[in-house]
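Across the two complexes that follow, chain A remains constant while its partner is chain B and subsequently chain C.
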Partner chain A sequence: MKRSTTALATVLALVGFGANAAELRMSWWGGDSRHLATQEGLKVCGEKHGHVMKPEFTGWSGHLEKLSTQLAGGTEADIMQVNWPWLPLFSADGTGFADLNTLGEIIDLASWSDAAKASSTLGGKLNGLPASQTGLIYWFNKGTFDAAGLAVPTTLAELVASAAPMKEKLGDDHFPLYLVGEDVSKWMQNIVAQNTGKGLIDNETMKVAPSAEELVAAIETYAMLVEQGVTPAWPDAAAAGNIKLHENPNWAAGKIAGTYVWDSTYFKYSDPITNGELIPAGLLAVDGSDNDGVYRKASMVFSISANSENTEAAATVLNCLLNEPEGIAAMATARGLPASSVAHKQLADNGKIVAVQTEANNMVLDASGPEVSAFAEHPEVRSILKDTMELFAYGEITAEEAAGDIIMNVNEVLEKY
Partner chain B sequence: MGSDSRFLGLAYVTPYIIGLLIFTAFPFLYSFYLSFTDYSLMSEPNWVGTKNYEKLFTRDRTFDKSLKVTLIYVFSTVPLKLVFALFIAVILNYRLKFINFFRTAYYVPSILGGSIAIAVLWRYIFADTGLVNMALAVFGIEGINWFGDPTNALFTITLLRCWQFGSAMVIFLAALQSIDKSLYEAAWIDGANQWQVFRNITLPLITPVIFFNLIMQTVQAFQEFNGPYIITEGGPLKSTYLLPLYIYEKAFKNFEMGYASAIAWVLFAIVMVMTVIAFWSSKKWVYYAGDKRS
Partner chain C sequence: MSVTTPEVTTATSGLTAHQLREQRRAKISATIRYVILAAVGLLMLYPLIWLIGASFKTNSEIFANPGFIPSEPTLDGYIKGWQTSTPYTFARFFWNTFLIIFPKVLFTAISATMVAYGFARFEFPGKKILFATLIAILLLPNVVTRIPQYLLFRDIGWLDSFLPLWVPSAFAGDAFFVFMLIQFLRAVPRDMEEAARVDGANSFQTLIFIVVPLLKPAIISVCLFQFMWTMNDFLGPLIYISSVEKYPVSLALKLSIDTTEAFEWNRILAMSVLAITPALAVFFIAQKHFIEGISSGGVKG
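Moving on to the complex of A and B:
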């Protein structure tokens, strides 16, 4: 009896339900909350549309290596979470991923703004749908500023002016801002953009857009922040080892009172704080600037494999995850505030979005600034910026030499594209 | 041996040989081919001749720096580790109370040492607010910037490697225990002191094991990755940027597989040269049982 029941179930599975069912793989990186949300989303969307979903998830570290190896071997998942800056690496001409424009009858593309879709279009092909829009803003620990009797800064000049009284009141180990490592080069791009209206890379000429003098001005502004005690000096910060700011005990204790990071990372930085309250402060204006210099981008996109044998099934599931009530409810804000207007409305109506997330995201979306090139986050470009600024911070090279090195070395990388 | 048993033996080792060919020999040789290409993972490899090697030796300042750091690391770590391992092995060779407990305790770091968790622990111990600086503060000594100062950072990574002396120590201990006790007794009768016994009996008799440990530790040191990657990420100012980190960055972050392969082959050549020199020099200082040299 048991054997015949099993045989019947197998036949039904193969003949009856298997006619339209596909087995689909989806890969992503993230933390536990994202893993749980996405697995739940795949479960409900797989059941709704009759597909078998196979999740593949990792932490951030090593995901690029895994994805690149899979893409090189043609063994990538049907649906992939791809970091926005990786798109030109894997699909410079737009053929590396499926063109989602051709799946417009399955995916409701109207849920994304034209600007959002343009940001992940290469060679005229829509290579991915943004999960969310994110940008860099200042975050400050209000508790520390309150304890120092200071208002949270709204301009760069106010930030600089806050350092001395904060140290006088709370001690020399207190800093209003933490700019170390890659944050320095991201922050410099904001200063350059505010001073000149230029992004780091001009996508038309594929060269570094600012002149050496314009870069020198931003580099010297960073040096001024260190001299004034606004941010710890790079060598002093490095004494803690290769440790992230949110893991730093001085951050938790409120001794470091500010950072310049993505709006979508609120919980990562607010959760460890034991003394104070983290609030978004938008972008601090530089004297005389006529734009905010926002560094805004699609935080990550969902793409479909160009090699998938089940492209339409993958599109059905992707649409469910991002546009249908069951998928939206399951995925929630595990990837920040959704870029899909349908998802955003549903979550807002159901009270699933924390006010501070909306406040911070609006600061990003409302801010002005030049276009951000995806090549600004090319791994080699990032390494060049970080290494050069490290040499400057350790006094190995001058601001002029740093600017010259950045222009020469970044242009050399861009020549390949 | 009959032909049947010969075939049986071959059958037993065939799975291993197939695995060796597919997963080790082929990638090993293919990487040599790739080192003469511009392979970038996302496109077909194009033959570029010796361009990668030319760039490596003439224009790549990061390679120069990384090679220098790697050589300093290897030449400081290996002797330190071997001396320390031998020192502990000599102590643990005495018949002390609880000797088995001590032997286990000293071996544990080598089991844990290569793990990510220990690298993270090391980071906390030597951080500005870590255990070492706290201990220094007890004696009124100002804390040292272990990771942020380029002159100190490599030292902390070296210490981590030396702390993992357990496997070398166990091999030394086995060698010490195999020395014929009658040689020691004869030396005591002739009036030799501890140092003379160690210098003239123990040390010569364990030279084959010293040689073995030297080769193994040298190769492992050239391959070090976890410690500097987790603790300092190669910084500051690339003062802990060992060649394996550079290979990793070029291959998997910059997708320059061809260039990374060239670096890997240069590293292989260096290790080979070191090994050949060690073997050549071993004729002068390694003594095997039955050796006729006096």
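Moving on to the complex of A and C:
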């Protein structure tokens, strides 16, 4: 046994793997399927390159706290799964994580598109490799639209027009869309982007980009949706217990026929449906818009610790997980459709990707729109948008007041950076 | 309790109309009382009953069927949940929790008693300032000391071990328990301790042979609280422990809960049922002393 290990080590050394056997830690969050897939990936990649991998994983809740403490104490894992919006929190100037551009000889960076790499580059340093690119699109339950004798909407006007006939035919508890909670603020950004070609936050000036009038227009569009019965009103949804859509019996029964969510969450929403079939519908155009206003981001990135003693070994393993056949097969789609083109091709060739996932992901990747600032995902910015829209939905403030509040409060948060 | 006296009950046949009426009224009022108590009790226990019922449901039934009786009971949640998505079973996580709880409860009881004894019975320079510090710690939210503590334990080299989780307790780090014991000691008369002193006992002997037996109910409460809080503590282990093999139950329960992925609620519920079992068992075992302590404390006061 001992001899064979030694022999193996010798062989590995002779073959010329750059780094010596190192003990590496990798941390991530996720659910059961991601845990199993990533542990498997680490096992095969660790064995392939002769490193000992120590997985460290948790559920979602508390992971930000854990990572913050570890980064503050300099004890973070060598390879980390980092949420894309956290990058500016930990590495505003790009020095918080290792610059992957310097590891270009080990990691095949050509697998990622320039846009993907740009989204995780801070201060000219590549801080992370996107695991997948994800974006918000409309999903509709085709069965419900068929039952109502309606075509699946392709523009916002058609969506609005579908509400009345659907209710008439199937009952007042039917809605063509479910837009409640934080989805409202994300959806509004799509309307603003389509109307004006502006993202919510301008990274150059670090200010809210749209003017108050432009925000008011989008907020009023939301009010119109509620008024026309396109979506349940926020207070009503809250009164019903704020049930998550995928756990909502009305969703399973097809009474709620649409949603505006991340393309990567397809199975979460399609699995519970017992009546009908969920299909991706891309982005619905607003009259007169010249772009799709897509809200697209790297769902999460893999970063290497700036304090790691084995940066090169970590890079070898990371490349294996994302770009080498063994790693790709093990990791599969546990983090959505891989952003690495090599991985995407391998999984597609082996039939590991369901057609509808590719279709939805392509809708996101092909859609046009202004660049989404990472600060749009800043926890404080998100809560400002959500809270303000909630006040508006409850009739506590007018659309003008809401727009003013959003601009003032978001600018205040941005001033700190 | 009963309105009837032995003389009356022996002569059942000779009951007057008035007594019969009294008896009936007592029965009706008892029935009403028990019905109300049972209903409210059931209402309070409902979430717990639902938890146990739902742990035997399939994942899809949990959201479809609001009742607590599963239509097709299955042990799937328990079997799959016990296996977990890690290389370890849940037994490992229970063992880890025990490895944290056991020293923590033990040393909390010892250290908090000694410190409380010092504060309650002795005069020493700086006592007021030290006591004020203790109260200040009590008022300070735990969270604010996390990062400095983390840095301290990092420098000592205790990260990813159980030590940061229980060692502070071994030095009476839980101000609340010290405060609680001090308050309890203040209500205990000093006569017996003085008698022990006259008999030649030193401070330590007085503590062990006189104060601790008197304090027993309070110490048991301290142990119970510490047990429950440690069992439920999430943030502490989350921050200090990074290896999966050292995770306690509180972390393991949340291991599979992610935002982008629908998860198997029945496994989580099944493991939650198992996780509350030790706490319930310990409480029932300690209940006798717990209740005894409260009532005897009242008599002494």
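In this text, the second predicted complex is superposed on the first by the 395 of 417 C-alpha atoms of A that agree within 3 Å, B and C clash if a C-alpha of one lies under 4 Å from a C-alpha of the other, contacts with A are read in each partner's own complex, and residues count from 1 in each chain.
In this section, a residue touches a chain if its C-beta (ideal position, glycine included) is under 8 Å from a C-beta of that chain, and two chains touch if they have at least 3 such contacts.
Predicted model, so just to flag it, every value in this text is computed and none were measured.
Undergrad: Quick check on the chain A-based superposition: chain B and chain C, clash or fit?
TA: clash
Undergrad: Per the contact definition in the header, classify A:64: touching chain B only (first), chain C only (second), both, or neither.
TA: It touches chain B, and chain C stays clear.
Undergrad: Contacts for A:271 in the overlay, against chain B (first) and chain C (second): which applies, first, second, both or neither?
TA: A:271: touches chain C, not chain B.
Undergrad: Regarding the shared-chain residue A:239, is it in contact with chain B (first), chain C (second), both, or neither?
TA: first
Undergrad: Thinking of the overlay built on chain A, is A:262 touched by chain B (first), by chain C (second), by both, or by neither?
TA: second
Undergrad: Classify the contacts of A:396 with the two partner chains as first (chain B alone), second (chain C alone), both, or neither.
TA: first
Undergrad: Given the touch rule stated above, what does A:161 touch, chain B (first), chain C (second), both, or neither?
TA: Once the two structures are laid over each other on A, A:161 reaches no partner at all.
Undergrad: Check whether chain B or chain C contacts more residues of chain A in the superposed model.
TA: With both complexes superposed on chain A, more residues of chain A are touched by C.
Undergrad: Taking the superposition on A as described, I'd like to know which of chain B and chain C A:407 touches: first, second, both or neither.
TA: Neither chain B nor chain C is touched by A:407.
Undergrad: Which partner chains sit in contact with A:383 here, chain B, chain C, both or neither? Use first/second/both/neither.
TA: Only chain B; A:383 stays clear of chain C.
Undergrad: In the superposed model, only one of 8-16, 62-70, 242-250 or 278-286 in chain B has C-alpha atoms clashing with chain C. Which one?
TA: Between chain B and chain C, the clashing stretch is 8-16.
Undergrad: Under the contact definition given at the top, report the residues of chain A touching chain B in one complex and chain C in the other.
TA: 65, 69, 72, 249
Undergrad: Of all residues in chain B, which touch chain A in the complex?
TA: 41-42, 123-124, 126-129, 145-150, 230-233, 235-238, 249, 252-255
Undergrad: State the interface residues of chain C toward chain A in the complex, per the touch definition above.
TA: 60, 63-64, 85-87, 146-147, 150-151, 154, 159, 234-235, 238-239, 242-244, 251, 254-264
Undergrad: Across the complex, what residues on chain A touch chain C?
TA: Touching chain C from chain A are residues 25, 27, 29-36, 39, 54-62, 65-66, 69-70, 72-75, 77, 246-247, 249, 252, 262, 264-265, 267-268, 271-272, 299, 336.
Undergrad: Can you name the residues of chain A that touch chain B in the complex?
TA: 64-65, 68-69, 71-72, 89-90, 96, 234-243, 249, 379-380, 383, 387, 390-391, 394, 396
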